[in-house]
Amino acid sequence: MSAKKEFNVKWGMAIDLDKCTGCGACMVACQAENNLAPVADASNKLRVMNWLVVFELSNNKEFPDHEVAYLPRPCQQCAEQPCATVCPVVATERNEEGGIVSQIYPRCIGCRYCMAACPYHARYFNWFDPVWPKGMEKALTPDVSVRPRGVVEKCTFCHHRYMMAKDKLRAQGKNIFVKGEKRGTKHSAIAEGDYVTSCAEACPNGAIVFGDLNNPAHRVYQLTHDNPNAFRLLERLGTDTAVYYISSREWVRRLGDNYLKDEITQKPEKILPKKH
Amino acid sequence: MEMNYNRPIDAALFPDGCERGSLTKFLLWLGGVSVVLLLGLYAAFLVLSRGLGVTGLDDYFGFGLWITFDLGVIALGAGAFFTGLLRYILNIDPLKNIINLAVIVGFICYTGAMLVLLLDIGQPIRSWFGLWHPNVHSMLTEVIFCISCYCLVLIIEYIPLILEQKQINKNRLAHHIAHNLHLMMPLFAGIGAFLSTFHQGSLGGMYGVLFGRPYAFRDGFFIWPWTFFLFVLSAAASGPMLTVLIATLMEKMTGKKLVSFDIKALMGKIAGTMLLVYLVFKFMDTLAWINSVAPRSGLTFDQFFHGWIYGKWLLFTELVLCGVLPCVILLYKPLRDNPTLLYLAGILDCAGILINRYVMTVQTLAFPSLPFDKWALYCPNWVEWAACGFVFAYGAILLSISHRYLPIFPQERYLNGGCCAGGAKH
Amino acid sequence: MEENKHGADDSNCRLKCACGVVPFLIGAAVALAFGWWVFPDLIFSKQSQPFYFSHNIHMEKVGTVCSDCHSFRADGSFTGVPALGTCAGCHGEIQTDEPSAASTPAEKAAYEAEKFFVEEYVAKGREVPWLRHQYQPDNVFFSHAAHFSKCYSCHLTMKGSLSLGTPDNPDKLCMTCHPSLAELDKNIPVAVNVLTDYSASTMKMWECERCHALPGHFYNDGKGRTAANNACYTCHK
Amino acid sequence: MVLDRRGFMKFVAGAGLGVMATPIPWKLLDDAAIWTQNWSWIPRNVKGETSYTYAVSKMCPSCVPMKVRMVGGRPVRVLPVDGHPLGGGVSSIAVAEVQMMFSPGRVKRPLYRAADGAFRELSWAEAVTLLQQKLQAAGSSTAFISGDENGSTNDVLSAFARALGAGDIFLMPSEAQCAARAAELMGIPAQLGYDLENSDYVLAIGANLLESWGPVIRNRRIFRDGRPVAGKKELPARLNIAYAGAVQNNTAAVARPWLPVYPGTEGILALGIANMLIAKGCSFDSPDFSEFKLLAAKYNPEVTAKETGVDLKKLEAVVKALMAAKAPLVIVGSEFSQGSGAAPVMAGFALNALLGNINKSGGVCLLPRAEAGIDGASARDEIFKNDLTAWIADRKTPQALVLHEANPAYALPGPQAVAAFLKAVPFKVSFSTYMDETAALCDLVLPIGMGLERIDDVNTPYGCGKTVYCISAVAADPRADVHNTANVILHVAKEMGKDLGFEYYEDLLKTKAVRYEKCDFAVLAAGQAAVSEARVEFSGFTARADVLAKALSPKTRGNKLGLAPYAKLNLGTAKTGIPPYNTKTLRGTELDGKDMYVMMNAKTARKKGLSDGDMVVLDSGKQQIRARLRVFEGVMMDTVAVCLGYGHTALDEFSQNKGANVMELMVAVPEPQTGLNVWSGTGVTVSKA
């Protein structure tokens, strides 16, 4: 496997599961923004194209002690990607400042090895050509190319918005990076909030916070650093994801990873022997 | 040449000293098999024209029957490289009596797998990207390169067999090519063994590197995950037995002796030895998996199994029923020398490897990697089966034609009484 | 059975073999000629623009630099071919003098073209369906802004062949990728690949990589931190 | 030289080899691959300049303001508007509203029902003439139903009704109607408002605050701002939400705590809490406080627990928190935003009065009632006095019926009876964007623009804490041959010689806009909202213990399970059906192919001998529906939870063939003393199919 790449800017999310009501607005916003085709019967969930899925979590207790939580799952944008390393044709990689895992549709040959590799099921295959009800294709955005059948796709953190935000800065004659407070660091000059994903933007509850995980001025940094309530999905796999979840409920945090019975819910470095 | 009207019309094309059934019967057989072939072609047409949505695959099971099938036939097709290695490099001479069949079976398995792969990838027109834009970190890249190259090797190994056809061989050029290729065979066997080892291993490696899938993930030895070696060994352990089984099946169907039993038993002994080596490592691997991979992932052994369809019986069947049992039969001479037991062991051996490839593919993906997810169910549909059927039919046709017209079995003439009724002398 | 005959007569064989190479060579020659001369034209269809347009006249009468018509929007996106509104700013009415008997054919053509444009498009509020010579595919996010700011920042002060423009000749940067049309007085037919539907002038990835894949264009501090500008996502969407 | 077979073969071989040395195979190989990224049948990106227009969703009940992104003049996205009193995110309906302009279920042209029963197209001119004739003939026997309770189209309809001498004008039943009736009964001349913005503790009883009650997006924005994300430097939550209801719905998922209660017992729970508050010394100023106190005393904790099934410990904690809060607020509503009657709202108001928060910051506020903009038109609260379900039950069939964005044949209790009623009406016209169940029954269907395509307004939706007036300008070119309902009615009225004072709807909206301070029409049309903090002075109220005593009497459930309907916005509304982009948001545990799921907890299921995945029949005594059972522990004991929004028979393939319409099960019964019908307390039997 290739060495993990570090970037000055690492776009990431903090999703507050104590705030998400599971309404689905983020899923719809995602589809509209990224030109996903609607389907009349979406009940085969293993065949439905959704870059962002809201899972329903249960504490598995009987009434009345039952609790429910909703977990929106975009692509986790791993720093150690199970997917990009296995792609035979370099159709997906994480190689750009910002740390977003790319997915290049015209390169993808549709072998689906990346889907087999991704434990988050964040990758989707175009089983058929996308079809919109007559005329609805007129409402497609110009920012995301429409994928034909036979290629894999996934959430891109609305990467096109990142590109557009950078272009806006350039048009204003500004640099796209600024020096960070700490020596040797630099941050994106994009103001916090000028680049957000469609899901984060749509969420009325503000459950999804988007920003630069490396920039101490960003909310997402403050929410995820030294926060005992923050966790990531399947952290012990070492994927080093860019999507953090936050919950004050222990059972929710415990569902973020697999734990043996006698293990306590905490960060993997405390459960695991140190990696060599 | 005088026509003998007692013999089939195409008798002039038969291998020297061998008799074959009537052409009508042969064509009827081919016709019957072609029905399966055509159904497969129709399935392929559906897949290529409409998309992979016509299959039973889905986003959880991006890999399914086809990949299982590909891995299966590639493992079982390993008879070609492994027998070749033993025959040409290690000079185990008796194997010359079965090596031709091994090559053809290997050829069928590999080309068949390539055909299915072409359907399996979503953009077959871009398949050459694998060679042109390779990602050197991907196990699949290694597989693509090695399989493509090995396919060429198999073609090269197959060509002399065709050129040795009685009539073709009369052409001097053909004769020379065949002759010279034969002389170069050790070289190709060597290249084949090298390529084959790597792609068999890489196929295993493909799963072993999936660190997001604890069911398949195996930490590495150097740059290779454990499964790399397991796949090589298991292929060597089962490939020869498939060759034996196919030879036997052909004998049953044609009513002729094609390969002497001692050769089969020898193949059995070789396979048994490899199986033993494989099983030793496989058991070690399983223990390491249960005691290291699983707990590190926060999982227990029990969690890897679910219900009946993904039950522990699969592991038991794979390792004991289809592993230890055939291994014992194949290695213990009195048992091995019993034809029924030898063939049974062969069947079990091959079945065990198929189960292994199946669970590595399907159970790996069915396992709920997210703690709040459920086990997923996969059921291949007729399109997937038909495409696999296509490969079977294609193989049957190729084998039938090859057997009818090509001198594959050096022992055939001798085993069937040395001459053929009403046979033309040569 | 021909082989048998052939084997029987040795001298005949030699003769045949001698002239036997000829058909092979002819075949090869035909294929080579077809492949190198005929085929390249065969796969491109030639399409013409809706009406005559002269960059030359516009450069003389309207502006002096490309960006006078091909400009950036406030959000940093690039207008590319100007929208009807931009053209209509001048062409609300016919600007060219009506040609007289003394007019050159070129002047007459210009007048006819403008008349057509004003009547058929400006008056009706229809966008002109210009064909584009260099139109990147949907899967490419080409940022003119990035090239203007990034490339300029270094190459403006560079000397010799590395100079891609000077403050008084900014268009030189455009010409790095686009053919210079300033002097152009006619429409060039657009060659469209009949199979891919892309224009023949559409830059292919290897052409982009002439700059993008240059090691000198990487920022790499040796600690695994990289600002490689040849990442897939630098250009793809 | 003669070209023989051998020569030809050599030629071919030469050509074959030669070709390999030309670009042909390699260029074709490359071009074929490039072809696959540019297939002609895959839609292409259409570039253009980005611009934005503003509108307010007329489709989503949350009345969410929208920033519409246009590319080259073509709408592509709906984005949220921050800083708008109703905004702060987008709802799951509104977020794909642009895409819904292209829904296959749209009515594209005016249609009339021909003699053979099928729809035929006709021109707008013909349609208007036909409409005029029919209404002229029907005269005062014309009835009106509007499905848009916040728009001024109602002014036009009611003015027209008045001009015709017709009194039958109705709005579709809603929480707002229950609240308006409650206010009237209590003698409060105002629209009840809720100052969530400034509250620090909200107890929602039944009101699905974060999904379907009131202007949801505004509620959720307040939740967003009041609940900082749990971080390292965790600020204490400024807003706590507790929720009491039968189903662990979207609100309950984030409420602390969720108090499970039997469905339809919201009012009783409120009285129980009132009793606890009174015991702690709370009181309010009302001529019948003593009666109220007596009534509340009946609901001592034990009785409350028995009747509502509430956990007393949890309830006491909530009451304690209410008392401790600086600005406590109680909101009583219905889990499916309709059909619970006026009494629960009255009990809720009394609770708020006990907490002393009427017209206080963070409490219940008394907003000036929305007034009509046309002389002779009825104000919204006037129209609310007419109960649609009761009127239909009376079966005084009018000669003509005008429907504006209303789908009673789907959305009212007992849709089959409603359809039968509609069939009996000689002439029915539906102004509708989509071919919904009601439009499909009508004699004339007139396409109107959806919110994005028409000018309309939104006037202080129920639930707001202040008066909010918004104009929704035309954001996009209509995708069908549409006209505005109000314009058509204004025109028809004029033709009939009944000039309503306006030529166009826009003129009416302009006169309305100038009523608000510092706001002119252009500013409002550009997306700003006119906000007024004006309140009606609180000069006491009557708790109406007499009404409460009768209306909130405990019901015997017998052997039946309580039916707990709940609403979710992602299933759309009765008007829209399930929006195309929303089918994917339905979980596998909500809908499986044609089967929808109903939910009960494991204990209840065991009692009924049912298990997860069973096909079951829900029987209300009058009607049955079939569904699959999901065992879900977030449902009250002896209760079956059912989701609204399935079972469409009209509209498009995104809505059809999905589950059953729960309204089939509902039985509307008069609420004693209030003049409203209620259907929130329906009981059903559940058995294996």
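Note that the chains take the letters A, B, C and D in the order they are written out, and that residue 1 is the start of every chain.
Methods note: a residue touches a chain if its C-beta (ideal position, glycine included) is under 8 Å from a C-beta of that chain, and two chains touch if they have at least 3 such contacts.
It should be emphasised that the depicted structure is a prediction, and the values quoted were computed from it without experimental measurement.
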Remark   = Maximum distance between Cα centroids and subunit A occurs for chain B
Ask   = Per-chain C-alpha centres versus the global one: which chain is nearest?
value = A
Message = Can you compute the centre-to-centre distance for subunit C and subunit D, using the mean CA position of each chain? Integer Å is fine.
response = 53
Key: Mean-CA-position distance for subunit D and subunit B (Å)   = 61
Query = Once you find the CA centre of subunit A and the CA centre of subunit D, what distance in Å lies between them?
reply = 31
Inquiry  = Please output the residue numbers of subunit D that touch at least 2 other chains, ranges allowed.
reply    = 32, 34-37, 44-45, 47-48
Inquiry  = Using the touch definition from the top, which residues of subunit A touch two or more other chains?
reply    = 48, 58, 90, 105-107, 129, 143-146, 150
Key: Sites on subunit C at which at least two other chains make contact   = 73, 75, 77, 137-139
Footprint of subunit A on subunit C - complex, ascending = 72-77, 137-139, 141, 143, 145-146, 148-150, 223-228, 231-234, 236-237
Key: subunit D - residues contacting subunit A, complex   = 34, 36-37, 39, 41-48, 69, 71, 74-80, 88-92, 95-96, 98-99, 101-104, 210-211, 216-217, 220-221, 223-225, 227, 229-233, 248, 250-254, 260, 311, 479, 568-570, 579-589, 591-593, 601-603, 633-637, 652-654
Inquiry  = Show me the residue ranges of subunit D that touch subunit C in the complex, using the header's touch definition.
reply    = 1, 3, 6-8, 10-19, 21-24, 27-28, 31-32, 34-35, 37-38, 40, 44-45, 47-50, 72
Query = For the complex, which residues does subunit D have touching subunit B?
reply = 29, 32-33, 35-36
Request  = Quick one: which bits of subunit B touch subunit A in the complex? Just the residue numbers, please.
outcome  = 50-53, 57-63, 120-123, 126-127, 129-130, 133-135, 137-141, 143-144, 206, 209-214, 295-300, 303, 364-365, 369-373, 376
